[in-house]
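Heads up, the next two complexes both have chain A, just with different partners, chain B and then chain C.
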Partner chain A sequence: MSRRLHIEVFRYNPLDPESKPHMQSFYVNEYDSMTLFIALNIIRDQHDPTLQFDFCCRAGICGSCGMVINGRPGLACHTQTKDLPEHIVLHPLPVFKLIGDLSVDTGVWFRDAGTRIEAWVHNDHDSFDPTQEEARMENALANEIFELDRCVECGCCIAACGTARMRTDFLGAASIARVARFYLDPRDERNVENYYEVIGNDQGVFGCMGLLACEDVCPKHIPLQDQLGIMRRMLALHSVKGILPKALIEKLAHKGCCHENHKS
Partner chain B sequence: MNSSTITLHAPAKTKTQGRLDVLQMISGVLLILFLWAHMLLVSSVIIGPGVMNAIAWFFEETYMAQVGGPLIGLLIFVHFLLAARKMPWKTSESEAFIKHSVMMKHRDTWMWLAQVATALIILVMAFIHMWVVLTDLPITAVKSAARIQHGGWLPFYLVLLPIAESHVGIGFYRIGVKYGVITADNRNWYKRKEYALMGGFIVIGLITLVRFMYLPLYSGM
Partner chain C sequence: MQIFYTDLLCIGAGLAGERVAVEAAKAGFDATCLSIVPPRRSHSSAAQGGMQAALGNCVMGEGDSPDIHFEDTVKGSDWGCDQEVARIFADTAPIVMREVAHWGVPWNRVEHGPATYYKGGKPFEAAESKEKHGLIHARAFGGTAKWRTCYTADGTGRSVLNTLDSMCLRYNVNIHDRTQAEALIHDGENCIGAIVRCLRTGELMAYFATATLIATGGYGRIYKATTNAVICDGGGQIAALDTGIVPLGNMEAIQFHPTGTVPTDILVTEGCRGDGGTLLDVNEYRFMPDYEPEKAELASRDVVSRRMQEHMAKGHGVKSPYGDHLWLDIRHLGEKHITTKLREVYDICTSFLGVNPISDLIPVRPTQHYSMGGVRTNKDGAAYGLSGLFSAGEAACWDMHGFNRLGGNSLAETVVAGRYVGKKVVEFLKGHSVDFKQSALRDAHAKIEERIKRLSGSSGKESAIVLRDEMQDIMMDYVGIFRNGKDLQTAVDKLEELHARSMNIGLQGKAIGFNPEISLALRIPGMIKLAQCTAFGALQRTESRGAHTREDHPERNDKDWLNRTLAYWKDGDSLPTLKYEDASPYFEIPPGERGYGGGKIIHADIPAEKLHVPESNASDNAASAEDTK
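Showing the complex of A and B:
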């Protein structure tokens, strides 16, 4: 039995002085395994060619179709309409700069965050020899790094984060998990002190208030909660080195989940 | 680096923000332990006013009440200063957060708002409560009962009890989350335990209040 979906979309074109933010309703006939991405394309094809929204891969890979779906940030291409009620309300992701309607600019935000956390491999090598064989890595470790590398920078975790919404300089879960990815990687020769410099502050790990909306919305199921906990604990303990007894810090550092295989 | 530090060519290295976070966590943990201990001590009146009086006598004889009381007051104040760093004091912040909670319909997000709201109420009520009790030593079951039966304090405690317990319960859960003790795997388990603990303490508190309401004021003592 197919439903007639009532899709209510946020409309606003910041470049048009006449345009005022408002909601517009569209009606679309649902069919089997329809995704929101398909529904939006139908609207654009058949109802309103001016509707702006982003997509590219339609397979949850490029991260461009993030939007607020009935209050929760998610990927349009990753969301099947059968999992939603008949009435669907769509908003652009908050926090990011609005391009128009459902389209936002996540790129500038993530580039800025990437610069602030220095999201590249740091080492002291004098030069890079492209003819040399790559250093080997245990498969298990490579998998662990890949697990965090799967982030598609869709921005859902940032838009879902109350802290990021209140405080524009908060780096958010994706950035902190990204640092965790470098922390795991033996090719990145930064030490705890260096990581502390980039995220050991209220814009980084200590700004997070543990609301866990990031964890609950991430469409790629990146283990954000655990990484936030690991990084915060590591950096908090680093900040009290020399104050608390060494043995106690060692003990706390190795309680629960940990990146055991990283040299520190 | 941001626009206010951009002129500092080499930003100073400091561990302050990490240390403040640790201090906030420690102040929170100490207050949790205090609140639970406090609840268990006061609820001894359920067993009998004599038990509560004996405990109170012990705490005063050893000056733990006279010294510890103000110390707890100080601890609450320090905790307030530390936690206030995270509170949405700016109108733009609180508006953004409230709008966000309404949009998300996400329990953990709402819980933080609850923690901020309860915090402000506790800030006022905890100090009134401490003032009243500590300026009227010794603590006895009959005096407490009199306050509740005739002093009009029952509504006061009926508000403070659930508010303090929720603030502490949510705080307990979030300390676990923040420091990676509560992980994605055991989050639901901890959440259930936390609700049970919170409910349990509120029930003990209510029973204690009922006991005070019906404690005879003019016999025994």
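Showing the complex of A and C:
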């Protein structure tokens, strides 16, 4: 059973003028139930204390540990070595700014995207009245919103996306799904026009080529394909407004999608 | 060196830190959050269960009230909590759940009509009322009289943290992620900010702030086996302790959860046992009924953890490269139950353990889970000892948990305290202008810079990794679930030795810019101090209360120990100095039986005037909670 794993890791320290990007090999004995979290920590503890990587929850919940594992973006803590060949090759996620070795700056990227799409519920927050009971909501709708709130901003979908690799200002599937989350939420008072302004362009839904690498790699199985489709259709219809009759647009906008029931 | 100026500096951007920041930003102040990781990766995101608040919307929560929530909390704490604080908490919690709903949290809602729920593995029917349809629903949690845990499916921490982070965006809170506070800037009276290390470049930066908040979460990483994230290393508590003026409260109060998984210590829910799962030893023998004939696996968290530990100490544990463990068996519950009702457990087992719980046993052992102790504050969240320093969340000992916190109460505490303390911080900011003393900054900066220099010089012979491993082993072996005078003395002595060795850490590698080895080397001496506060406090406390269990002192001793430990660290000392204060200013609920757990109580003579809420207090609290009611 016990294999000797050959783990090849991308090394580069951008702050060190002497450092050149290169691959470095480490050898680690495999244990039962070993994950890449354990393997990388063994490397850092026993072989090279300067190796940079990011782990936090080590339970697939926080989204810290996205990296390219044998060519495919994924969460390292959520990956067991027994599912990989003996030779494992690790690269940092592309698209994001490299901090060093396997560590990339997803935090700043997502914060910037969040600012651009104004990722908060737009309502009059000061109107909260502590003496009143909460506004009611259907449980099914709450569940649908939560489904999209499960994104951990790991960046895997961005790293796998052809458009994101070509244009640095592309918002990516995660941000478009985030907009869909607010669009779904009756507490957000923005209208189609407002959403059009933030993602009705080539940085948003019209930049997407629809090849769906994003959904394939999402460790949380967020239904990115559906959300991209819904937003694209909704905003495409909006852009032909004035050409098609209003009633028809309204009818088409939510045809067959999960929005059909709660917004017109 | 880069110097930042801000009104409020929140060290920590989990639920507690962000909630306080939002309050200050809404009031027009400049607020800045520091965080080791991007805020949404803070450990709050890992909490799946939910938050307790007495909304009483669901059928199983009918008739609930803050009074009952308050009572559950006090009993849970084994009368170790500050009852004034627990009262503020229970009264404010329902408002806060509604407030975050207004901001976007997709709480699960009541659906009227008949529903099937589970209790003790058995299904039963109950009808949700029509009038409550669409209001916030609640689920069951241990130690509560009513179902009152508000939740969003299996990701409550995630969705509430997303929402609060979105409010930080909305109100322009400055977020400086990948930063780590190393020391507080203070002049002995006022705290005016922090010295912070940038985790991108390794450089030191200074933050001057009128008010500073410590919201850095727990310090579970002083133990080897913990459900906590790898960043829960007590950085905030260490910075407070290092001032020599600010005490840490009840550091010996540590909660262990019976079913952390091996090897990664990820938590699997209590629901496994609730639904009929059993615990087996190396011979696949079910041992719990031998110890607890009546409740077996379903005794309280602390009791089950104690028995598991005892059984392994007798040599019945399963040996593994990751240390001894026991088995959790849920195979008999069947595929359907496991992949629906226990889906999350199924996912954890298959993704992290390579174990299929339908056909295989799950490796588990009691695992450190929660820090009741932390930076001691008054009921306003103001730290003892320094003006301008506040603390909230798991990092703080605001003290609503005493010696045992109830499931669902800590996540709720982060936002409830966040709102309440946030308002107090705003009052403080309105009434204060501060002299940003350069000399105080220079002192704090020089200390940290000097430490980094010493590390990088080649003189140090000790390895931070070795010291960490030894500290974690000592805590596991001698300051675990079962404690006794002899073991605790051993721990205190061994840790004191480690403390001395930690002055002599050297680096193995060299790296320009950010070097993760320096991060660990900077943190270890402080973590050893926290371990020492925990071990020494536990040694001195010769009674058993809540999660603190002394084999040699099994009774709860209200006569001598109805108090809170305060640990101070004087510069140059090799041990903390312990002081004590009353557990609660008064006892709205007088000390008594918890109604579970058993155990003998040595009763105290409490003066009559302390057995009710003082007049002045009642009106005081009502006034300060004014806009919350």
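Everything below uses one rule, namely that the second predicted complex is superposed on the first by the 241 of 264 C-alpha atoms of A that agree within 3 Å, B and C clash if a C-alpha of one lies under 4 Å from a C-alpha of the other, contacts with A are read in each partner's own complex, and residues count from 1 in each chain.
Assume a residue touches a chain if its C-beta (ideal position, glycine included) is under 8 Å from a C-beta of that chain, and two chains touch if they have at least 3 such contacts.
Since this is a predicted model, take the numbers as computed values, not measurements.
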item	value
Contacts of A:209 with chain B and chain C, given as first, second, both or neither	first
Partner chain in contact with A:160 - chain B first, chain C second, else both or neither	first
Which of chain B and chain C A:21 touches, first, second, both or neither	neither
Partner chain in contact with A:35 - chain B first, chain C second, else both or neither	second
First, second, both or neither for A:54, with chain B first and chain C second	second
Which superposed partner A:235 touches (first chain B, second chain C, both, neither)	first
Chain C versus chain B, contacts on chain A by residue	C
Which superposed partner A:85 touches (first chain B, second chain C, both, neither)	neither
Chain A positions touched by chain B in one structure and by chain C in the second	none
Touching residues (chain side chain A, partner chain B) in the complex	68, 71-72, 91, 94, 116, 160, 162, 165-167, 169, 196-197, 200-202, 206, 208-213, 215-216, 223, 225-226, 228-230, 232-233, 235-236, 238-240, 243, 255-257
Interface residues, chain A side, partner chain C - complex	13-16, 18-19, 31-33, 35, 37-38, 44-45, 48-52, 54-64, 77-78, 80, 82, 99-100, 105-108, 110-111, 114-115, 118-121, 123, 125, 128, 130-139, 141-143, 145-146, 149-150, 152-153, 185, 187-188
Interfacial residue positions of chain C with respect to chain A in the complex	26, 37-43, 45-46, 95, 97-99, 101-104, 106-111, 133-137, 152-153, 155, 158-159, 162-163, 166-167, 169-170, 175, 177-178, 200-202, 229-231, 263-264, 266, 320-322, 348, 351-355, 465, 507-517, 520, 627-629
Contact footprint of chain A on chain B as seen in their complex	1-2, 13, 15, 17-22, 25, 85-86, 88, 92-93, 96-97, 100-101, 103-106, 108-109, 111-112, 174, 177-184, 187
